Amino acid sequence: MRDRPWIEWDWVGDHLDDIRAATFEHLRLTLLAVAIGFVLAGVLSAVGLRWRRTLGPITWVTGVIYTIPSLALFTLLIPIFGLGSIWSAEVALVGYTLLILIRNIVAGVDGVDPAVRAAADGMGYGRWRRLLEVELPLAVPAIIAGLRIAAVTTVGLVTVTGLIGLGGYGSFIDAGLKRQFPTQIVLGGGLSVIMATVIDLTLVGIERVLTPWNRGEVARP
Amino acid sequence: MTYRHARWLLAVLVPLALLTSACGDDDDGDAATGGGGACAEVSAPDDAPAITIGAQDFGESAILAEIYRQCLVAAGFDVTIQAVGGFRDLELAAFESGDINLAPEYAASMLEALNGQAGEATPDAVETTELLNGYLADIGLVALTPSDAVDTNALVVTEATSEELGITAISDLADHTDLVLGAPADCETNAFCLPGLQSVYDIDLSAGFIALEPAAVVPALDEEEIDIALLFSTDSRIVSNNYVLLDDDEGMLAADNVLPVLTTELAGVEGLAGLLDAISESLTTDGLTELNRRFDVDVEDADDIAASHLESAGLL
Amino acid sequence: MSAWTEFVDYVTLADNWWGRRGIAVRIEDHVRISAFATVVAAAIAIPPALWLGHVRRGGAIAGAVVNIGRAVPSFAIVALALPISLRYGFGLGFWPTVVALVALGLPPIFTNAYAGVSGIDPAVVDAARGMGMRGPEVLWRVEVPNALPLLLAGLRISAVQIVATATLGAYVGFGGLGAFINEGFRQQDDGKLLTGAVLVAVLAIATEFLFGVGQRLLTPWTIRKGHS
């Protein structure tokens, strides 16, 4: 890569179609993983909150998944789901989101002031109603914080799928690596960062909308 | 209030995910549809199966896959390209599962991969291909006529190293086994790398061997972190970076001619084998090196390079 | 022979443990680079995070920037760091990998340190000032101890991620457990592949556990139901 500029803009201009396609593919892989992960984490969190003893094993299993190097996991899934199938990637990506999401959902619900819980009980709320109408809304900041981390991490992980032949920005990075062509690497990495930023800011916006009672205070990171 | 908000959150995320999954990427079809060449003179039979070409993730494989694809499309076949990552076993698994039914391959290397690095390949292309077909038949595949284009392992040193130590052939390494060899990790078990050096030349370079991904090999050589690099013989940088390609004076390397490997079902389709043979005839080692140069150095796209090759060969 | 049988065979063969590229050396290298990267990331992230948290300024922006850093693919960083490392004489292997690992480890440490310090109940800080403590004293004697749980949690998250991702080093000539994974792929050797993957997972879990123990020792007051 000696003597090549970091970005060659005419190459970028010539390949706008490819960039658009890669963007859609990357977004699709990311949002699918986070959406499914969120639903799954929600279910597992509810189980863990209701039956406390399951929380240990749930955290342990999702934690172990998290430690498996992503490329190794993708390659192990290919024989099961087939090459070129997004599920070889998605199953792993969903798995990686679980630990963060469950941790944050549970912490968020646990972090609700006991006085508020007591008030809800006093007003005759049943367990599930209390969860849905009192605890979850108050847990929104923690949940969104978890979603932000999960989403941003997933954007980064999706680039690794470029190494197993899926699209997304990772395919640029991989191709650029092979030919020693910095533009593709920088483009792939840079666009990942931009996508992560957009998703992150969107989630911050959603948090603001969902928690009107928090406006006016010092924003927390 | 809260129900609305919670449902709103889901209502945003889920459709967004579904929407983007509906927006599939546009298909990669900007092959040159210029005037008829030899490929267009063949007409695909109506009941021809769909063809999926497996492309490994290095430039030359992508270019070859595109060459096959564009010619077959011109003949009226339904063709797509499927990336199969960087490992031959992924490609073999894809053949097995039916995900692909055609791929550009290299006679000697594929033979050695199938026979567990037994060392059966010879420098003779026809002989090697016959041996290869013996193994391929067991898995429902067949290799067609090999082309003249050869892409085999290449051991290179920098010009400076060559002059300083007087090394121009592989056998010269016998006096310099302290040199550091950098190559992809499969060099340890590849018949045309460390084991081959040991058995054919009686040279043991394993002490200083460093496993490097292909992309890291050239920078490492240029900056003298490694002394010897394993590249591929059609890598254009051998010439452009003034490396010295060590001569294989004792014949460790075998016939790694480019040839198409396809399922026996596909091989039986009328006209198909003929087209692939015509493509093979159009390929030469120097030609392939130039195509690689355009990919690596000029950073052209595989489909453009493939199109211009087919056009200049009169096939498109 | 199933992959798991090959793994067991590989791991239980004494020969595979010793030597320049044996399991023992690679575990040691892996631990070494992970520990180094974690310490460097902490050294870079903690001071500014503590300061910004203390003055309660700029946190949102800094946090967002650092959060975005999470999205930059580590292997792209390694790929870009390699030629630079080579050109300036830092060589293959260790240094390009360290750059990528430090970049990976920064966000959780920074975010948690900042959140820990800035999130302290203002009443506690007021009380401290009321007792006559000045800025730096408040920071060291009140805010940091209170922030310790979150800070340690951040270190733990980073350390575990770094251990799991140090496998990248194999692409640029660093050994470590990633070399087993890489060689396992390329040589179609499931025994090696699983050796690498399983040992990395074990190492990561051990790291998680050690930090958990550390948290208990340093911040015993956090041991109550509901705390992770």
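Labels for the chains are A, B and C, by order of writing; each one numbers its residues from 1.
Convention: a residue touches a chain if its C-beta (ideal position, glycine included) is under 8 Å from a C-beta of that chain, and two chains touch if they have at least 3 such contacts.
As the structure is a prediction and not an experimental result, all values here were calculated from the model.
A count of C-beta contacts for the chain pairs A-B and B-C puts A-B on top.
Of all chains, B has its CA centroid at the greatest distance from the CA centroid of chain C.
Centroids built from CA atoms put chain C at 19 Å from chain A. Inter-chain centre distance (chain B to chain C, centres taken as mean C-alpha positions): 37 Å.
Within chain C, contacts with two or more other chains are made by residues 79, 83, 87, 185.
Residues of chain B in contact with at least two other chains: 213, 215, 219, 222.
Shown for chain A are the residues in touch with two or more other chains, namely 1-2, 75, 163, 177. Taken in their complex, chain C has these residues touching chain A: 56, 59-60, 62-64, 67-77, 79-80, 83, 87, 111, 114-115, 118-119, 160, 163-165, 167, 178, 181, 185, 193, 196-197, 200-201, 204-205, 208, 226, 228. Those residues of chain A that touch chain C in the shared complex are 1-2, 59, 63-64, 66-69, 71-72, 75, 103, 107, 110, 148-149, 152-153, 155-156, 159-160, 163, 170, 173, 176-177, 182, 185-186, 188-189, 192-193, 195-197, 200-201, 218-221.
On chain B, the positions that touch chain A within their shared complex are 2-3, 5-6, 8-9, 12-14, 16-17, 20-21, 23-26, 57-59, 82-86, 90, 93-94, 97, 99, 213-215, 218-219, 222, 295-296, 299, 301. Note for the complex: chain A touches chain B at residues 1-2, 8, 11, 15, 17, 21-22, 24-25, 27-28, 31-32, 34-35, 38, 75, 78-79, 82-84, 132-133, 136-137, 163-167, 174, 177-181, 183, 206, 209-210. Residues of chain C touching chain B in their complex: 20, 79, 82-83, 86-87, 91-92, 170-173, 179, 182-183, 185-189.
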